[in-house]
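Encoded as structure tokens, the structure appears first; notes follow it.
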Amino acid sequence: MKIMKTRYAASVMAARIAAPMAAFAAVMTPAIAFAADAPPKLDSGDTAWMLTSTAIVLLMTIPGIALFYGGMVRKKNILTTLMQSFAICCLISVLWMVAGYSLAFTAGGSFVGGLGKMFLSGLKVDDLSGTIPESVFITFQMTFAIITPALITGAFAERMKFSAMLWFVGLWSLVVYAPICYSVWGGGFLGKAGVLDFAGGTVVHINSGIAALVAALVIGKRVGYGKEVIAPHNLVLTVIGGSLLWVGWFGFNAGSAVAANGTAGMAMLVTQIATAGAALAWMCCEWMTHKKPTVLGIVSGAVAGLVAVTPAAGFVDPMGSLFIGIIAGTVCFWGATWLKPKLGFDDSLDVFAVHGLGGITGAILTGVFAVKAIGGTSGMLEGNAGQVWLQLYGVSVTLVYSGIATFILLKVIDAVIGLRTDEQTEREGLDLVLHGETVP
Amino acid sequence: MKLITAIIKPFKLDETREALTGIGVQGMTVSEVKGFGRQKGHTEIYRGAEYSVSFIPKVMIQAAVSDDIADTAVETIRSAAETGEIGDGKIFVSEITKAVRIRTGETDEEAL
Amino acid sequence: MKIMKTRYAASVMAARIAAPMAAFAAVMTPAIAFAADAPPKLDSGDTAWMLTSTAIVLLMTIPGIALFYGGMVRKKNILTTLMQSFAICCLISVLWMVAGYSLAFTAGGSFVGGLGKMFLSGLKVDDLSGTIPESVFITFQMTFAIITPALITGAFAERMKFSAMLWFVGLWSLVVYAPICYSVWGGGFLGKAGVLDFAGGTVVHINSGIAALVAALVIGKRVGYGKEVIAPHNLVLTVIGGSLLWVGWFGFNAGSAVAANGTAGMAMLVTQIATAGAALAWMCCEWMTHKKPTVLGIVSGAVAGLVAVTPAAGFVDPMGSLFIGIIAGTVCFWGATWLKPKLGFDDSLDVFAVHGLGGITGAILTGVFAVKAIGGTSGMLEGNAGQVWLQLYGVSVTLVYSGIATFILLKVIDAVIGLRTDEQTEREGLDLVLHGETVP
Amino acid sequence: MKIMKTRYAASVMAARIAAPMAAFAAVMTPAIAFAADAPPKLDSGDTAWMLTSTAIVLLMTIPGIALFYGGMVRKKNILTTLMQSFAICCLISVLWMVAGYSLAFTAGGSFVGGLGKMFLSGLKVDDLSGTIPESVFITFQMTFAIITPALITGAFAERMKFSAMLWFVGLWSLVVYAPICYSVWGGGFLGKAGVLDFAGGTVVHINSGIAALVAALVIGKRVGYGKEVIAPHNLVLTVIGGSLLWVGWFGFNAGSAVAANGTAGMAMLVTQIATAGAALAWMCCEWMTHKKPTVLGIVSGAVAGLVAVTPAAGFVDPMGSLFIGIIAGTVCFWGATWLKPKLGFDDSLDVFAVHGLGGITGAILTGVFAVKAIGGTSGMLEGNAGQVWLQLYGVSVTLVYSGIATFILLKVIDAVIGLRTDEQTEREGLDLVLHGETVP
Amino acid sequence: MKLITAIIKPFKLDETREALTGIGVQGMTVSEVKGFGRQKGHTEIYRGAEYSVSFIPKVMIQAAVSDDIADTAVETIRSAAETGEIGDGKIFVSEITKAVRIRTGETDEEAL
Amino acid sequence: MKLITAIIKPFKLDETREALTGIGVQGMTVSEVKGFGRQKGHTEIYRGAEYSVSFIPKVMIQAAVSDDIADTAVETIRSAAETGEIGDGKIFVSEITKAVRIRTGETDEEAL
């Protein structure tokens, strides 16, 4: 029993450093763990949960993000918006197999992994990643690699060329996503430094959030922005998408325990609480400032909460998560409704406000609210103020690297094939001009 | 023959239709339209951005009637569609020089 | 080896008492069960299934119920309807953490639990509930606490103030849901008396169904009801919602085994059969009486079947479930198409007919069709006529308590802030007036 | 350890023959598997995954196929199209319980099973099918029996009588589906001959694809076909449906391992890769030939990939699956955009092109790319050219039997009650005339 | 100039448009409308509640033509849109006093 | 009084509405229509099948105005709605013999 406990603790420590995704998760079936040197064995329960998690994280992008975003654009661009998420899902799946997984998760330098697993060559049916098949781990991580660039598309919605979008996303995935992922989860320098990121606050949300901001600035405002009515065309779709995001996020956060255990359970519970808190916070802010609580508001708040609790999920307790949610809901509301108009950029669907600011808020608050008894690391409230600085370090590195690399990529693509559709196309709608299809 | 065009509040459509059939108008054509007038529109808010929507949903009834019942028809519509509040709508009357029933080829008053 | 196996059995025993859903679950792995005194251990397979069940029960409310109801209202109220389910999901999540779980599931009197777990204080990562983490059990039960009031909203659709709705739902959850839940599942008097309710026929459906009827009577008919055309605006949404309800209900019913075992499997199988039977029954009734089988009809029938098999799922065999389905489909059809117009109340989306009558039918028939070899209790057909009386006892208590408490709550809220929007708002649509948004 | 390996290998061999669904899958928790003669035990992890798989395969039909097809018809027939999938789900659930399961999965002749399990009589809570409860296996297989005829409805969309559809589907399920299923998976002659079909390339897709072609020919073209614009009315629904198909297909393919193990993991991974490859292939073909990549195209390509990888999922490696995807995407594109117009039949939603051709492509390529180390059988590339002939044998038998039986069934039904609605009904829309409902 | 307003069955739109361009009418404007007339509506049933829908989907074509081809145009529409069954629709003709092409500012016959 | 019917490009609606209110036109009614004319439609492709869609989305404004401002109104619309490219649309003017404000019963010029 003691041995088991120790291994368990050790595994949590490992998680703290190499993150939950890390391949070397604890052997969770105690009865089987007699000696410290026994090789890890497949656990069918952990595997079952990770198969499920993979499926529902995929659901987050198709149709989750697709609909969440699709409902917010104008009708003439709905299919284009859906198409972006769907095509990204396809493109990244192939790229992840070709090189992404290898760059993100095989031993390499301190910033990027090696090329040894390109094309997943040599993968065997009984290769394990902790207690689950490596094939499952690869596919689970693939769904994260898919959703991250899909999130960015909200920033340049309704005006980017489809071809340019494909080039950008493909390159970004290899040049930005894979290294950041490796640095935090794959054995790279951020994870080693002790930056906490349970399920992707840094890797997924800050990363896509800052890329979105840069993209919005580089590509410029939509024609008519600020002058004409550019309102969401069908919030029913947005509610469906937001709901699927919520449900799928259980796979995202609780799945990041890479096991069906108490950590996964706690991650699910705090995810639910933070999300609810953030949604109510955004709704209340809106009710007070604009007199009316809106559907778009409460759903946006929920997503803000999901984002903010992502880095924290395996480290905080229910009360902590409630605070994280309420704070994140308020911050993101402020970002979308005050900061953005103030600064005047057209981050069309508020990717920066929700994922960027939400991610930053969550990353920092993870350093504040982390509870040793839950995830093995104390946060500021338990006297470990240094964790907050570590978190800020992780945030800064991601902001700087992703921001600059995104800028360069976009500028290069713009120079070579052009990023943006012409004004006439924007007027008529990208659905018709780019894809030859419309929704009447 | 006259073409009566009435723009009314949508929820008054059924009442108005019944009133018209009551005085013997046997056909009419209806479209969904948006109106702009003295009645103010509304404001929609999306993530803090307020959009003022100046057009209000209305329904437009077009009915071709013979000259003799035109005035009655106008008055019938007026009283059926009235609520007394701003935005009740308008009725316009204009002249039709010819009418044809496609099925039979009948023309003018017979076609109505 | 032996010790480990023993604990498994013990945990199942514990689940039988402490975990409501498991009520009288069989020890499913007989070969493994040697001794009764070992403490329960976490089972990763059970945990995996309960994590999944939690996710898909959440899916039942957002976007399940939201769309199921949303498609049936008029277009001008679609967002309001979605908003109700979404906001309830957020509000109840927080309230459940604050006090609901404690009131429903900690040791207390015979009617309501204690306050010891308010704010989930003291919850540890490795606390168990049977063979799964307590955090998972809390979240799973939270999704039940969410869907129950969300069901009620169908009764007062298209005319209740959003603020009044929030007050009502929040109070109702603490004053009505938590006690009933405790009484049946948490160790209270109904469970102790032997009332069978596998997954919530009483706690969820009869409870929400009678509350819906009372709410419809208190708030009154919609403007124009019975005179104007008040038809569903988009049954596509209703079909999507109904389908997600069906799929999610597997988590509801099979998840109520609180394990991935034969009871769960049998619960899933009988759920499928009863649902299909009820859907076909409703469709046939319609075909015979109104000449046409309708989409709304078959979907409504499916939901009626899901409701009716809910209390029965762990107790009956496939043939029994087929009868339960067919009877429930017929009864609910009669309730919605004959009884309601006859009595003349405006339970807008037939919550009472489907959930109230369906729940009552299911509760009684559980007493008729229960099979000892399946769930440990015999029903009337196996000679235990007393079980039917026990079931009627459970039904009556719920009808009376929930009915009266709902009535008082609504009257108080009406007196303080008013329940209903004004006629002008109802004309223009609640989306625009209450939330400042529309779907064109 | 060695013993375990042997058992594992044996189980894979068994899977090859009696099909992956087969009850007698490997005992996956090696530590428990000491002797070869121990009876199989319930594994909670495997059970958890199979419960989940069942839920998400159900999701593929309702609302998956319903929406995928619903978006492609004209608005006046949308509810009819949804209704077909929903009603099939109900009808087949009952028929599967009554006789389907027994015919498909109890010992019988070489072509069809026995009647011993009609009405699932005698099913006990602790009956096992390998390491999972038999109740779960029955329900899992039920979802396959549901989706297969639901796929066919795409061929005769917008013009078949609802009553004729019910008769056809019910009879087809017993007369065509059950025998083919038995022959391949239930212990019948095709499985015994060594035909590989991991998850239903033959049983589900070729079977429904050829039935669809025959149905399209028998029922004839839609009024106005080739003259009027008959375009999809809302591709948003099609994208939602296609996405849910993709997600649910994880249950279909990885669930066909009937365990949460390495085979399941590999099946999920190759499913993802093949699907992405096929979607990109279709998109590129379109981009080159028609100048524009379309949403309908990429989604159709994804489904083509899902279909083609279905028979292969447990037998091929990632590289193999990428080739399968790319080839299938191209073949199905050609089938839908060149072959169909060339031959001039009105298979309205391209069931034959996508499921028929995709299934055939996948079946044959399984024989080419099978890897011994993955699924226990070598394909042509590993020197076993005979496997391709075996695959062709399986394909041919299915095409011939299903084609002829479908033809006879349709002709008989046409003679007795008539298959087709009248022209007036087709003009006005089936929603209104058959079901008395419309979507405005 | 004349404004020809034709209310026809939706599935006859393409045929009618082609017939009109056949006689040299180069432009027209079309709206989706709902018609009420001799043709009966239908009944929709939702959970036993029957709603009679009295309006039927129609398409309204508006085409401004010069006086000399007005009669031909009317006859062309009539024969293209006819099915012989009830509900085929109506054609109304009225006078236009002025027409302007926005792009060029051309007026009257030149603007059509 | 005159009824001015203008068919314009949808994105020009707000500008045109403002221009009209600028010259004192206090009400108008707008419908979504589809236009056919010199401007070519487009092609949609579904699984290789090409459909040519000949109708283009337009907006139709109808405004009843008194005779004296009719010409100004026409010119105002023309310049507000013009882009100079094909498909800008048309303006038609016809006679109204009577106008009624439903709310008050006022008639003719007073009703506008």
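Here the chain labels run A, B, C, D, E and F in written order, and each chain numbers its own residues starting at 1.
Definition applied: a contact is a pair of C-beta atoms (placed from the backbone, for glycine too) under 8 Å apart; a residue touches a chain by one contact, two chains touch by 3 or more.
None of these values were measured; they are calculated from a predicted model.
Peer 1: Any chance you could name the chains that touch subunit C and subunit F both?
Peer 2: Expected: A, B, D, E.
Peer 1: Based on which chains touch which, give the shortest step count from subunit A to subunit F.
Peer 2: Shortest path length, in steps: 1.
Peer 1: According to the touch definition, list the chains common to the neighbour sets of subunit A and subunit B.
Peer 2: C, F
Peer 1: Decide which interface, D-F or B-C, involves more C-beta pairs in contact, and give its chain pair.
Peer 2: Answer to which pair has more contacts is D-F.
Peer 1: Roughly how many whole angstrom separate the Cα centroids of subunit D and subunit E?
Peer 2: 48
Peer 1: Using mean CA coordinates as chain centres, what's the gap between subunit A and subunit E in Å?
Peer 2: Measuring from centre to centre gives 53 Å for this pair.
Peer 1: As a quick test, compute the distance in whole Å between the mean CA positions of subunit B and subunit E.
Peer 2: The computed centroid separation for subunit B versus subunit E comes out at 17 Å.
Peer 1: For subunit F, what residues touch not just one other chain but two or more?
Peer 2: In subunit F, 31, 44-46, 94-95 touch at least two other chains.
Peer 1: Give me the residues of subunit A that touch two or more other chains.
Peer 2: Within subunit A, residues 31, 43-46, 48-49, 52, 56, 229, 232, 240, 260, 290, 292, 294, 296, 436-437 contact more than one other chain.
Peer 1: Can you work out from the touch definition every pair of chains that touches here?
Peer 2: Contacting pairs: A-B, A-C, A-D, A-F, B-C, B-E, B-F, C-D, C-E, D-E, D-F, E-F.
Peer 1: Give the list of subunit D residues in touch with subunit E in this complex.
Peer 2: 224, 228-229, 427, 432, 436-438
Peer 1: For the complex, which residues does subunit A have touching subunit C?
Peer 2: 28-31, 43-46, 48-49, 52, 56, 232-236, 239-240, 242-244, 246-247, 250-251, 254, 259-266, 268-269, 272-273, 275-277, 279-280, 283, 290, 292-296, 298-299, 302, 317-319, 322, 373-374
Peer 1: Report the residues of subunit E in contact with subunit B in the complex, numbered from low to high.
Peer 2: 2, 6-8, 31-38, 54-55, 58, 60, 74, 77-78, 81-95
Peer 1: Can you tell me which positions in subunit A touch subunit D when the two form their complex?
Peer 2: Where subunit A meets subunit D, its residues are 31-32, 41-49, 51-52, 54-56, 58-59, 62-63, 66-67, 70, 78-79, 82-83, 86-87, 89-91, 93-94, 97, 119-121, 123-127, 132-136, 138-139, 142, 162, 237, 240, 260, 434-437, 439-440.
Peer 1: Subunit D touches which residues of subunit F in the complex?
Peer 2: Touch residues, subunit F against subunit D: 44-51, 53.
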